[in-house]
Amino acid sequence: MADQLTHIDEKGDVRMVDVSAKPDTERVAVAEGFIAMKPETLSLIVEGKAAKGDVLACARVAGVMAAKKTSDLIPMCHPLAITKAKVECTPVFAGERPDGAVGIHVTTTCGVTGKTGIEMEALTAAAVACLTVYDMCKAVDRGMEISDVRLLRKDGGKTGLWERTPSA
Amino acid sequence: MADQLTHIDEKGDVRMVDVSAKPDTERVAVAEGFIAMKPETLSLIVEGKAAKGDVLACARVAGVMAAKKTSDLIPMCHPLAITKAKVECTPVFAGERPDGAVGIHVTTTCGVTGKTGIEMEALTAAAVACLTVYDMCKAVDRGMEISDVRLLRKDGGKTGLWERTPSA
Amino acid sequence: MADQLTHIDEKGDVRMVDVSAKPDTERVAVAEGFIAMKPETLSLIVEGKAAKGDVLACARVAGVMAAKKTSDLIPMCHPLAITKAKVECTPVFAGERPDGAVGIHVTTTCGVTGKTGIEMEALTAAAVACLTVYDMCKAVDRGMEISDVRLLRKDGGKTGLWERTPSA
Amino acid sequence: MADQLTHIDEKGDVRMVDVSAKPDTERVAVAEGFIAMKPETLSLIVEGKAAKGDVLACARVAGVMAAKKTSDLIPMCHPLAITKAKVECTPVFAGERPDGAVGIHVTTTCGVTGKTGIEMEALTAAAVACLTVYDMCKAVDRGMEISDVRLLRKDGGKTGLWERTPSA
Amino acid sequence: MADQLTHIDEKGDVRMVDVSAKPDTERVAVAEGFIAMKPETLSLIVEGKAAKGDVLACARVAGVMAAKKTSDLIPMCHPLAITKAKVECTPVFAGERPDGAVGIHVTTTCGVTGKTGIEMEALTAAAVACLTVYDMCKAVDRGMEISDVRLLRKDGGKTGLWERTPSA
Amino acid sequence: MADQLTHIDEKGDVRMVDVSAKPDTERVAVAEGFIAMKPETLSLIVEGKAAKGDVLACARVAGVMAAKKTSDLIPMCHPLAITKAKVECTPVFAGERPDGAVGIHVTTTCGVTGKTGIEMEALTAAAVACLTVYDMCKAVDRGMEISDVRLLRKDGGKTGLWERTPSA
């Protein structure tokens, strides 16, 4: 493990890390998130989805737009000219997860040709897609809970490929 | 449970719910989030905190600013003139949580005098504070994971007080 | 007709008009817009709509979000805590319009309880919903054209009800 | 005509199209828009323009700033580091247009060296410049109407030059 | 002098101060700023102003728009529904100031009916108007310098009227 | 001195200068700003800093985030993918400055590999960091004043190195 947090300089102050000298390389990041809910809430979303798909359509749009706002939200994050963003939302029914939770599973993929990685964009998209589901269903289920917001895979840049090890 | 998702109208289209006729009442929401990490990562943050506190200071600032951006991130969320926002970040060491996870626990409180609730602001602040911790430590720990992003308590408005029941 | 543009002061400089002394009243505005396209482009959207509805779902979400950004886009426009926003997108097939144009008709409704009107929000939502349709279909039809972006009706405030007169 | 809307993937979900593998090329787009108004309204603007030019100056500034916000407004639009943006506003007097309309004609030019086109920036600038004129004159003329928001010309990228054919 | 910085709580953490219980009152703030430059630079602006007024017109628009972005820029600043914003830019020629500086003097006035003061909006508008002048003239004068960004007067709220004492 | 303001075209209209044909080069800019205050106010900040450092930590974060918002604030400023941003805040005690002023001195450094300079980002970061200090201390000292917002050094691009000459 590196012995230094790169966003903190020799005096302990925050900074946006200098990446001026790094080459532009093609980078990709895949992240996920999950929002657990009552089975009845999932039914309402899925029935809506069967008819018009709007809760999940809205969450997908919100996730893509959030990816583009990442550097505006995360203070020390570099602005990046994202070249790819995709948000998928999949209903998870009873019995599909080991922990028994029911809800929506979000997977995001972001890409860029740039000097620094795009992990934050993928994670932010996942978090905001889950928050959007919460917003649109909170009138019927305030107890929903977001978890599993984490990086699954990133590639490109000096450190190359990283993949989440199972059950990490 | 209500049989209708309020953000979806009779035709299944999304909309920002009409709250024009609702009175302005004082409202508050408390939410939380947790980011799990390697114990070594927590040590780096805490040592930094002892010296200058900057990772957590940055996360707190990011959380407050994100609360103000909520309606810009969440498509059907009403803009609100927030009157209060606070983000607290507490290190959680080995043995403090039943599941053994080590990391940073975030608690957020938002308030408003308005026509609609402020739950989304509190939840968004919690999520973004956690994402900021991820950003500032990702160079040493890409496997960090955000969970427990959920509402703890809300009060005000027609539905009044709601509190998370233990182990909900 | 008033003999003064209210955004321009006695010296000819722009300003955000002072509405401090105006009472808060409930206001609503309805606007529309139209994007003309090749019949084949409309078919692609409608077939997509039959399956998942995503082009129009995306346009509706974009329109609602744009309503919330209006005062950030229009320099002298007051920020308003919108209480209602809705965007409807209707396909218009050959023969339905007197001018024979085929495309998507957008209608927007915005509401607020405030010191100033919400016409700009409704108009901005309509324009951005049309621009979003353009963006999502431009790969197959660069010649699409946006027209009819205009106010249909506004109510509330000192000037009260205004409705577009037919063929105005 | 292509048989696929590029913003919609094989499952019908929206996405920001992947342009990672496309080369950076110099691109330009020219668009226009028109806002029709009463002749008296145009007189007020033009007289103001003679003195200080502020309505149109404000519209030009708003148009340039809107070009920079395009990817924040249009959900599936890629962020671009715009290298050029210009907005021109020309009064159109009675008798100058075949349809007899009086108002302001807006022409926008945007440029970028990037992986994807800049048409949306030029169109968004045109639409927002027109909306700004509406906002600044609406106190005297609520019936103004925006039309002709369309691409005139784009160049660069794989598809090269495209020009609007007369009367298209 | 109060013995406590209100943005810092009992533990020393930042927070957005709770103003939920404060009444809405009408508030106003007047601020100023000055950008010093070479006399030749001022001549270019003024000649431009005589013709079209665009440097100062652009600065005025930028100042008004910045007032609306204040709570997005200043972390612990409350969002406010501004009801009034005005930015005036006056050329200052040789011999007009005691210190002999030549440049543009900016005065801003902001108003709101709200629970907290609007000083930050007036100050931010002044600073951004000066920065805009810098941007538009920097190609000919990189040595320009912004000073005197300060509050002149504020009124309303619990603390009532405050005015800068001469030579403060 | 150049005889033309580059942001104004042959007709006197504002525009975002065309930099499409300029090569990408590595650029850096260093700027500063100063906020003068009562000695008691500085003591409160410094004591806070000794304990938790939050006023200055907040100002540093605000400055870095403002650098990223520069092209959204300054109308004719090009958007840039900043590769470096750092904000330093240093207390200045009685006797340290020739003019006797007491307060916080801010120094900012921004970098980019791009077609145009990054001076505006460094200046905007400095101004916003100072405004943030004002906001956090205004309850105890409304008379604070921001000055010395100026460029210290810039390098890269066609014009190469520029440094402020002493006492300029």
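Note that the chains are named A, B, C, D, E and F in the order they appear, and that numbering of residues resets to 1 at the start of each chain.
Heads up, the rule we're going with is that a residue touches a chain if its C-beta (ideal position, glycine included) is under 8 Å from a C-beta of that chain, and two chains touch if they have at least 3 such contacts.
Because the structure is predicted, anything quoted here is derived from the model rather than measured.
Engineer: Chains in contact with chain A and with chain E: which ones?
Structural biologist: Neighbours common to chain A and chain E are B, C, D, F.
Engineer: Which of the two pairs, A-C or B-C, is linked by more C-beta contacts?
Structural biologist: B-C
Engineer: With chain centres defined as mean CA positions, report which chain is farthest from chain E.
Structural biologist: The most remote chain is A.
Engineer: For chain D versus chain F, what separation do you get between their C-alpha means, in angstrom?
Structural biologist: From the centre of chain D to the centre of chain F is 32 Å.
Engineer: Starting from the mean Cα coordinates of chain C and chain F, work out the distance between those two points in Å.
Structural biologist: 38
Engineer: Averaged over CA atoms, how far is the centre of chain C from the centre of chain D? Could you give it in whole Å?
Structural biologist: Centre-to-centre distance between chain C and chain D: 15 Å.
Engineer: Touching at least two other chains at once: which residues of chain B meet that condition?
Structural biologist: 13-14, 52, 54, 57-58, 61-62, 65, 69, 72, 75-76, 80-81
Engineer: Taking the top-of-page definition of touch, could you list the pairs of chains it picks out?
Structural biologist: A-B, A-C, A-D, A-F, B-C, B-E, B-F, C-D, C-E, D-E, D-F, E-F
Engineer: Per the contact definition, I'd like the list of chain A residues that touch chain F in the complex.
Structural biologist: That would be residues 9, 13-22, 71-72, 75-76, 78-81, 114-115 of chain A.
Engineer: Which of the residues in chain A come into contact with chain C in the complex?
Structural biologist: Within the complex, chain A touches chain C at residues 52-54, 57-58, 61-62, 65.
Engineer: Write out the stretch or stretches of chain D touching chain F in their complex.
Structural biologist: The touching residues are 26, 28, 57, 60-61, 64-65, 67-69, 80-88, 111-113.
Engineer: Going by the contact rule set out above, which residues of chain C touch chain D in the complex?
Structural biologist: For chain C paired with chain D, touching residues are 1-8, 11-14, 33, 38, 40-41, 44-45, 48, 51-52, 54-55, 57-58, 61-62, 65-66, 69, 72-77, 119-120, 123-124, 127-128, 130-132, 134-151, 154, 162, 164-165, 168.
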